[in-house]
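Here come two complexes built around subunit A, the first alongside subunit B, the second alongside subunit C.
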Partner chain A sequence: MGKTLFEKIWDAHVVVEKEDGPSLIYVDRHLVHEVTSPQAFEGLRMNNRSVRRPDLTIATMDHNVPTNDRSLPILDQISKIQIQTLEKNCKDFGIQLFDINSPNQGIVHVIGPQLGITLPGSTIVCGDSHTSTHGAFGSLAFGIGTSEVEHVLALQTLWLEKPTSFEIKVEGKRKNIHAVTAKDIILSIIKNIGTAGGTGTIIEYTGEGISDLSMEERMTICNMSIEAGARAGLVAPDEKTFDYLRNRKYTPKNYESLIGDWRENLKSDSDAKFSKSYTLNIDNIAPQVSWGTNPGMTCDVTDSVPNPEDYSKGDQNQKQAAEKALEYMNLKPDTPITEIKIDRVFIGSCTNARLDDLIEASKVIKGQKVSDKVRAMVVPGSQMVKKQAEEMGIDKIFINANFEWREAGCSMCLGMNPDVLSPGERCASTSNRNFEGRQGVGGRTHLVSPVMAAAAAINGHFVDVRNLDLN
Partner chain B sequence: MDEFKKIKTIPTPLDRVNVDTDQIVPKQFLKLIQKSGFGKYLFFNWRYDENENPKKNFILNDKKYRNSKILVTGDNFGCGSSREHAVWALKDYGFLVIIAPSFADIFYSNCFKNGILPITLEEKIVKKLQNELGEIEVDLENQILKTDNQQFSFEINSHKKKILLEGLDEISQTLQFKDDILEFEKKSKIPSVL
Partner chain C sequence: MIGHVIKYQRDNIDTDVIIPGQYLKIHDYAELATHAMEGLDPNFHSKVKEGDFILSGRNFGCGSSREHAPIALSHSGIKAVLALSFARIFYRNAVDGAFLLPIEIDETAYQNISEGDEISIDVKSNEIKNITKNQTYKMKPFSEIIGKIIEAGGLFKYKPD
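And then the complex of A and B:
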């Protein structure tokens, strides 16, 4: 019987296999950031252990870095200590660090591919659940806890129970590729399969709807696999993948010699068996807006806020969760989504802060101003994205429209730095989680695509971007 | 890590589904660089109002449950971020067992690294345990839960069970496979980053 892409990558990385137990899996790339690593390095120190493969380990600071002027001191003393701790740990253990002043600094899942660190067929881990992003390149990439970070630092391996393979086939063609984006595809998928729909699996995204996407769009899809409960998402690499990674700063010297093998082997066999499958046709999907407090609580922009009674289809748990969500979000059932007024707009995060995201969003706002009731900000995913955008004049478009143009970091996706919502504020956000308090205590998050967020900034409420001229 | 012993306390019922790690320990407390002391931040935004006074209607603020070591909760517990801080907070607060119909993958795996036993049971049994007023005994060795008048068996992977029962340090365990790792590295085709 044939193998799935996931099974092939897994099999190629098994170091030790145990009967009725987990396998020891080799890790090709370990990405480290300031929030989930300090306790792991401390564990190494206490046991007198070293980092086994510093040459496979890369660190940056992204979660709690300020995004305002980098020449100013960091005011938050606890954040400052965490950042200094990463600097010291990288120095002590010999790890390459892209620090706050490095031109390569940025959200770890944005810089990995941009620097050519992410490679097809490799295993990539990081103490961050959105590591699934790198799966867009056909690498098996997933988030781990801090104890596992310590284990990988010490022994470059991890004990893992083998997940199963879940095929999500995306069929059809979007009618308006500027208005209906990769974000809308993945939000539609999560809406349909639920936030635990992928638990215990690795999702492989297949079909015309995926192969049509650019690498950046595929990253948006794989990024949110974890929001469907899957630890990782995968797309089989193709020529777009190989082209994207060519001539990057850390692209391996023997890159061309690796491609042949990847081209031939990194795909699911035609007779491979998936334990689960789901198909989404995207011919007619609409821009999506989340209305609740998890990413599965999402609807079309043309819909209204659902009634918990209808939404739950009689399931008491679902009904109770929807009621609590509407209470937290301060929304009434049956309110049209386009009538929801917003206070803030955040364009950023490892989901949607790459160059194309910013270019697409800028088309919506060109020559216009942000609504005087809205405060809007753009936080590029990396300093490289920021620089590229500035070279193209994209920053001017945002700044002229009264957007704040910031330095790179995770910023208001999780609000560990000073970029947070105030209690009660409502935000159109291109990030990945609308959990209670995620963007600030008492803050209310609506997940949308970059174009939807930009249009909401101009209008002060959600609008259907299919009605705008985006070409 | 401490060896996992038999536990007998009343359960704390938290009747919510999809409890994410942002709720278990909110992001403002992730800046610490040690593992200890996270218990006071457990469910912080649900536990305290804006002036940091305990909210009366939140279950953890009911003194009756203060010594409970067993949390009984809803589907997909621990979803979202990979932050192990969530598990450190539960452990530091005093929970050693979490019972739910299902768990998110990363959270589930983080539990075993810290001596917490996550137990997956059918939803109707979980509901029953949420309404249990008396003590529940958790016997990992025999994979049995006992209430005053009923008992339920639960499944757990034998490897994970051993880790908890013996309180094993995983890195020391893996060190015995050092030669296998070296062997693998010699054959690996993926080049170094630098």
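And then the complex of A and C:
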């Protein structure tokens, strides 16, 4: 019987395998950031351990770094200590660090691919759930906790139970590729399979709807696999993948000689068995807007806020969850999505802050101004994205429209740095989680694509971007 | 293991409500614990007692990989979380650091156990006894590796045979 792509990568990384038991899996790349690593390094010190493969370990600071002027001192003393601790740890243990002043600093999942650290067929871990992003390159990439971070630092391996393979086939063609984006595809998937629909699985995204996507769009899809409960998302590498990684800063010297094997082997066999499958046709999907407090609580921009009674289809738990969500979001059932007024716009995060995201969003706002009721900000995913955008004049389009143009970091995606919503504020956000309080205590998040967020900034409420000229 | 139950009858309790992002900078676990569940239940810290259990629905601990989530619960006194299902990273974090036991229960246990009930958990026989109501439920046994890591007292004490 054939193997799935996931099984091939897994098998190639098994160090020890126990029958019906866990496997010890080798880790090719370990990405480290300031928030989930301090206790892990502390553990190494306490036990007199070193980092086994500092050459396979790369660090940056992204979660709590300020996104305003980098020449200014960091005012939050606790953040400052966390940032200094990572600097010291990287120095002590011989790990390459892209610090706050590095031109390569950025969100760990944006810089990995940009620097050619992410490679097809490799295993990648990081103490961050959105590590699944790297799966867009056909690498098995997943988030781990701090104890596991310590384990990988010390041993370059992890004890894991083997997940199963879940195929999500995306069929059809979007009619307007500027208005209906990868974000709308993944939100549609989560809306349909639920936030636990992928639990215990590695999702492999297949079909024309995926192969048509750019690498940046595929990253958006894989990024949110974790919001469907999956451990990771995967896309089989193709020529787009190989082209993207060519001539990056850390692309291996023998890169061209690796491609032949990847092209040949890094795909699921035609007779491979998936434990589960789901198909989405995207011919007619609409831009998506989340209305509730988890990413599965999402609907079309042309819909209205659902009535908990209808939404739950008789499931009392669901009904209660929808009622609580609407209460938190301060929304009334049957309100058209396009009538929801917003206070803030956040274009950023590892989901949607790459160069293409910013280019697409800029098309919406060219020559226009942000509504005077809205405060809008753009936080590029990395300093490299920021620089490229500035070279293209994209920054000017945002700044002229009264967007704030900031330095790279996770920023308002998780509200660890000063970029937070005030209680009650409503935000159109290109990030990945609309959990209660995620973007600040009492803040209300609506997940949308970059073009939807930009259009909401101009209009002060959601609009169907299919009606705009985006070419 | 005997304790009282704090029940949250809902699915998808995420790590952002278990320990909101703004507190991830805190290194002192006792201080971290004062903010546990703050995003969902601001009274949690005042009502939780050493040895208590949390009971909840599906997909408990979804979201971020922050190990601060089981740490904050554990340092609040929580010894186990009983849920219909768990998000994978939370589940492993709870076990790896020996912070608390993640116990998978069925619908019967979920519906019958109430806030404040005194229950005992026996992971050897995979049984949960409701002392208050004099009922017994089954829990899902731990997988081999999880059982061994728990028995060893955490990932770093676990020695494969």
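Basically, the second predicted complex is superposed on the first by the 471 of 471 C-alpha atoms of A that agree within 3 Å, B and C clash if a C-alpha of one lies under 4 Å from a C-alpha of the other, contacts with A are read in each partner's own complex, and residues count from 1 in each chain.
Simple rule for what comes next: a contact is a pair of C-beta atoms (placed from the backbone, for glycine too) under 8 Å apart; a residue touches a chain by one contact, two chains touch by 3 or more.
Everything numeric here is computed off the predicted structure, so don't read it as measured data.
Residue contacts after overlaying the shared chain place A:250 against subunit B, while subunit C stays out of touching range. In the superposed model, A:151 makes contact with both subunit B and subunit C. Considering which of subunit B and subunit C touches more of subunit A, the answer is B. In the superposition on chain A, A:39 makes contact with both subunit B and subunit C. With both structures placed on the common chain, the touch criterion links A:364 to neither subunit B nor subunit C. Within the superposed three-chain model, A:236 lies out of touch with both subunit B and subunit C [touch as defined at top]. Contacts of A:143 after superposition on the shared chain: both subunit B and subunit C are touched. Shared contact residues on subunit A (touching subunit B in one structure, subunit C in the other): 16, 18, 20-22, 24, 35-36, 38-39, 47, 63-64, 76, 78-79, 81-82, 127-129, 143-148, 150-151, 159, 161, 195-196, 199-200, 229, 231, 294, 317, 320-321, 324, 414-416, 433, 435-438, 441. Residues 9-12, 14, 16-17, 20-22, 24-27, 39-40, 57-59, 62-67, 85, 87-89, 92-93, 96-97, 143-145, 149, 154-156, 158, 160 of subunit C touch subunit A in their complex. Touching subunit B in their complex are the following residues of subunit A: 15-16, 18, 20-22, 24, 26, 28-29, 35-36, 38-39, 42, 47, 49, 53, 55-58, 63-64, 76, 78-79, 81-82, 85, 96, 117, 119, 121-122, 127-129, 143-148, 150-151, 154-157, 159, 161, 163, 195-196, 199-200, 226, 229, 231, 250, 252-254, 258, 261, 294, 317-318, 320-321, 324, 414-416, 423, 433, 435-438, 441-442. Across the complex, subunit A meets subunit C through its residues 16, 18, 20-22, 24, 35-36, 38-39, 43, 47, 63-64, 76, 78-79, 81-82, 127-129, 143-148, 150-151, 159, 161, 195-196, 199-200, 229, 231, 294, 317, 320-321, 324, 414-416, 420, 433, 435-438, 440-441. Of all residues in subunit B, those touching subunit A in their complex are 15-18, 20, 22-23, 26-28, 30-35, 45, 50, 74-76, 79-85, 87, 102, 104-106, 109-110, 113-114, 157-159, 170-171, 174-175, 177-178, 180-181, 184-185, 188-194.
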